[in-house]
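What follows is a pair of complexes built around subunit A, which joins subunit B in one and subunit C in the other.
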Partner chain A sequence: MRRNWLAWAWLGLPILYFCLLFAVPLIDLLRMGFSKPLPQRITGGDFSLDNFVEIFTNPLYRDTLWVTIRIGATVALATLLLGYPLALFLARTQSRAKGFLLFLTLSPIFISVVVRAYGWIVLLSNKGLVNSALMQLGLITRPVRLIFNETGIVIATTHVLLPFMVLAIMGSLQSLDIALEDAAASLGARRWQVLRDVVIPLSLPGVAAGVMLVFILGVSSFVTPILLGGQVVLTMPVLALQQFTTAFNWAFGSAITLFLLAAVLGITIAYDRLLQGRLARGAA
Partner chain B sequence: MATNLVLEKVSRGFGQLTAVNNIDLHVQPGEFLALLGPSGCGKTTMLRLIAGFLSPDSGRILCDGEDITKLPPYRRKLGVVFQNYALFPHMTVLENVGYGLKVAGVPRVEATSRARAALARVGLTTQDDRFPAQLSGGQQQRVALARALVIEPRLLLLDEPLSALDKSLREEMQVELRQLQQRLGITTIFVTHDQEEALTLSDRVAVMRAGRIEQLGTPREVYDTPVNSFVATFLGTTNLLDGTVAAVADGVASVRIANAEFPFPAASFRPGQAVQVTLRPENVSLASSGSGIAGTISDVLFQGHRLIVLFEAEAGGEWRAFCPPNSGPWHKGEPVWMGWTEGAAAIISKGDDDA
Partner chain C sequence: MRVSKPGSLTRRGLIAAAAAAPLARPYIAHAEPIPLVLGTNGGEEYKTMYEAVYSGFEKKYNAKIVPVFADGATLLNKVIAEKANPSMDVSITYQGGWDIGKAEGVFERVDFKAIPNSDKIYEFMRDPDGYGPFCNFTAWGICYNKDEIKKPPLSFKDLWKPDYKGQLMVGGVYHWQIHIAAFAYAWTGDQSKTDVAFDKMKQLAPDLAGFYGLTSDAQSKFQQGIGNIATWYSRTVQRLNAAGVPLAFQTPEEGAFIYPISYQAVKGTKKLDLVEKLMGEMYNPEASVKLAELNGYIPGNREVKLPPKLAATMLTYDEVLKAHSWDWKLINDKQDAWLSRWNAEIRPLLKG
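Right, the complex of A and B next:
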């Protein structure tokens, strides 16, 4: 009995933490989102659908949502294309440098997002390293615009989120029995056939998790879009932040946040449903 | 015609460890050969070298005279059955079995009918559309076997394929495997640490230890006339008796063990040499009077199908005898004489093992 009591006590603290720091703010967000924006009260007034009427009727918000999702999807695809070969290499290498290479892969996580964003600005600006190198090589005559647009956001966010994709894929590759690859080879499958028929299909759960994770982190990030989008490219989190910090309209900011939350949740559930059927075979 | 396989001075190490040490081996066409030994003896490494999953540090591997040492596994055309079957979990039974044909570019219709035929051959016809996780261990084993056989491999390599099955199913599969191998006449190499399985299934057994083949022979040869105490003790239970060669005459060595002398057919022994004799407990004959090694019964254990009689020699040493359950009666503490019929014990010259 005493043990049981203790177990609940242990669980109590996380529950309390979760309620205070997640549930309560979320409820508050819901209340503010569905309230009438008032100039004299930034947390909004009585219940009202005004905010959502504005979001659904003003094309700015629909366009911004589209830009946000496009950036998230592009980043997910880019991290997948870059991350899969890297994860495959890291999961299979016998090299002694494996630990170091893994550390290098994860290193973006250890540096502040702000520092990384400024680093990318230095690299990608009109007089930055990338443009200088391309001009020196004679590939371009005028600098290509790589920051303060979507390209810059995608490049920097890909860098930020690549480790998550690599870790997700590596997880499923490492749990894959090497004997399966040997079996395929003994049956006459060449290396690329083994990859196509065995390794890739069986690592799809990791790929699916990685894509989902990177997409969600991508559409909800705001530091990189603000710094590399230069407030010119608007994404949903940037819009929401503006409402909270410069327009002082928390009610509308909450509505934007809820709208993004609902959109992402919808996409996530649809994606999950779509994959469930296909992955069930591999997971069985 | 079945394939023969030759290993010429094949070695393979892992860092400091020499897993396979300068092995020469000729496997006859159609032969069922078991590689038997304790874990870490190099038997699995040897199988992986033959399959091409590992390459030897030195030596050659020849298949029907063709040097396959440097050939990648996908070009060797060998059927491999893995310890945990290594079935593709995302493919159905039929897709698993048909995979080798698919990558070989066999048209789909033909591949399907050949895969079905292979499944029929292993006695599994109603599970085509199931996934491996939905099958029992024995069924998975059959799928793995069908998958390996469908590509009409030159050799069949089996890596402890029965070890994951429970005892009764294992015995059933042993018989089936042997019958299938005989019917197909395919040269088969079988890795196992189970001595009984090796004896039951194979035409010849290679008993391995520390990367070397200690003895290669028919099950009867390695069981009845082990070359050293390692082989003698690894295959079943045995009594190792210390003795001294008393005299050698006309190809017969007279060996003194405890208080008695026993004749052995032997050529290369000299008087005074210390030898060891291996005597299987089932070959021991006990008598309550007469000649032989004198001693006392220290315990009698009833096992249902037999009695284990523990025997303590007057001259020192405790040995055991397996007797029919209705023999005796033997009683603890009784004096008894131990002997054996000629040819039932084999001599091992001392010091040629524990290397």
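Right, the complex of A and C next:
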């Protein structure tokens, strides 16, 4: 009986934490999002759908949502392409340098997001290292525009989110029974066939988790898009931030945030259902 | 009877001293500097403000400034978010922002007479509703690199001349509203005729050298040579000259705009008297000269005499009186709609 009570108390702590730090602010966000913006005031007035009417009727918000999803999806794809081989290597290697390589892979997380973004600006600007090197190699005759556009945002966001993809896939690969790969090889499968027919299909849950995690983090990031997108590329978090910090309209900023939340939730659920169906069919 | 020598320690004296110690505590407590939590801009701005004003204030009033660093908009959002339990005593605010703070009821009215030297400031610096007056201000007009631009634009309208194609930087986030109102005024004589300003911005946008976000962003872009002209603040001339960029300020023919800064006491502060003293310290003649030297702020105290060389880089008394004020009620009312329009119409024409 006492043990049961303790277990509930232990469970109660994270529930309380969640309620205080997520559910309560979310309810406040809902209240503000559905309030009427008032001139010269920040927090909005009575219940109103005005903010959402504006969002659904003004093409700016639809276009911006599309840009945000496109950036999130591109980053998820880029981290998957870069992260899978890296995760496979880290999961399989017996090298003594494994710890160091893992540290290198995780290193973007240890650096401040602002410092990292400015680092990319220095590297990718017209007079930066990348353009200078490409020009010296004779590959280009004038600088390629790598920042203040979507390219810059994708490059910098891929860098920071790569560890999340690698960790998700690595966890999945490490839980695979190596005997399955040996069995496939003993039946005559070549290494690439083992990879294609055994390793990749069995690591798909990790891939799916990584893609989802990176996509969600990608669409909700705002420091990198602000700094690497200049004033040119608008994403939904940047739009929301503009409303909070330059228009002082928390009501509309909240509505934009809720709209993004609903869109991402919808995409995530759809993706999850699609994937679950595929995985179930694969297992059958 | 034993007579102790003067200055010697006796048991009775020791007991008396111990008994009197609690009585001395208020004095000891008073000797500790009184912390004043100030929301302020960080970096070079804080460094120069500390040197010119805060250090003298701390000494004079036995206070200790505890800074909370952020930009003006973030500080205002913080003050409003903390309305029920404020963590700051005073916060730097910019006009427009402080009107919103007043409407939200997060600022405390001040006793104007309790602010040292406040009888010597320009009349327009007083807040009509009894809140903190302007503490200092700068003029907004045209800044240009003297080495690169031999014939500077003399008016806002000149910025559209082909001579300045690829040279001009204007403000984006945090500053776009004042551009719309100022350009509307420059082209029509009326800040509210913003359709004209948007049309003019569309013409200008593809030919811009760049955009600046925070004020410091424009500084680094001038230093990097990304642009050589900007619609910017007169106070930045000093700082950039010190950094080796030969920047000059041109008061446009249409008149410069006054960009004021105030320190607002946060509602609920228990140190209002100290906040008023801090406001007054901005008008202290010695601090005003230093602020002008280090930060380019035009002294609000009309009796302050600047060294001639420094005075030559500042707006004169008459120029200050002739300068315009933005219609912040109009800006605050319309900025939401303008932002949407800016994002839809101007932003796609920008290069970064």
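Following the convention adopted for this analysis, the second predicted complex is superposed on the first by the 264 of 284 C-alpha atoms of A that agree within 3 Å, B and C clash if a C-alpha of one lies under 4 Å from a C-alpha of the other, contacts with A are read in each partner's own complex, and residues count from 1 in each chain.
As a convention for this text, contacts are C-beta pairs under 8 Å (C-beta built on N, C-alpha and C of every residue); 3 or more make two chains touch, one makes a residue touch a chain.
Treat the numbers as computed from the prediction; the structure is a model and nothing was measured.
Colleague: When the two structures are laid over each other on subunit A, do subunit B and subunit C clash or fit?
Modeller: Overlaying the two complexes on subunit A (C-alpha atoms) leaves subunit C and subunit B fitting together cleanly.
Colleague: With the two structures laid over each other on chain A, which partner does A:202 touch: subunit B (first), subunit C (second), both, or neither?
Modeller: first
Colleague: Once the shared chain is lined up, is A:265 touching subunit B (first), subunit C (second), both, or neither of them?
Modeller: neither
Colleague: Just checking: does A:58 make contact with subunit B only, subunit C only, both, or neither of them? Give me first, second, both or neither.
Modeller: The answer is second: A:58 touches subunit C but not subunit B.
Colleague: Which one hits more subunit A residues, subunit B or subunit C?
Modeller: Counting residues of subunit A touched by each partner, the higher count goes to C.
Colleague: Considering only touches as defined above, state whether A:23 meets subunit B (first), subunit C (second), both or neither.
Modeller: So A:23 meets neither subunit B nor subunit C here.
Colleague: Applying the document's definition of touch, where does A:104 land relative to subunit B and subunit C: first, second, both, or neither?
Modeller: In the superposition, A:104 touches no partner, neither subunit B nor subunit C.
Colleague: Of the partners subunit B and subunit C, which touch A:81 in the superposed model: first, second, both, neither?
Modeller: In the superposed model, A:81 contacts neither subunit B nor subunit C.
Colleague: Check the superposed model and tell me the shortest C-alpha distance between subunit B and subunit C, rounded to whole Å.
Modeller: It comes out at 49 Å between the closest C-alpha atoms.
Colleague: Along subunit A, where are the residues that touch subunit C in the complex?
Modeller: 37, 39-43, 54, 58-60, 64, 145, 147-149, 230-232, 234, 239, 242-249, 252
Colleague: Provide the residue numbers of subunit B that touch subunit A in the complex, in ascending order.
Modeller: Against subunit A, subunit B makes touches at 51-53, 72-80, 82-84, 86-90, 99-100, 103-104, 131, 133-134, 147-148, 151.
Colleague: Subunit A touches which residues of subunit C in the complex?
Modeller: Listed in rising order, the residues of subunit C that touch subunit A are 71, 73-74, 76-77, 80, 97, 99-100, 103-104, 172-174, 176-177, 211, 213, 329, 332-333, 335-336, 339-340, 343-344, 347, 350-352.
Colleague: Can you list the residues on subunit A that touch subunit B in the complex?
Modeller: Subunit A residues touching subunit B: 177, 179-180, 182-190, 193, 197-198, 201-202, 281-282, 284.
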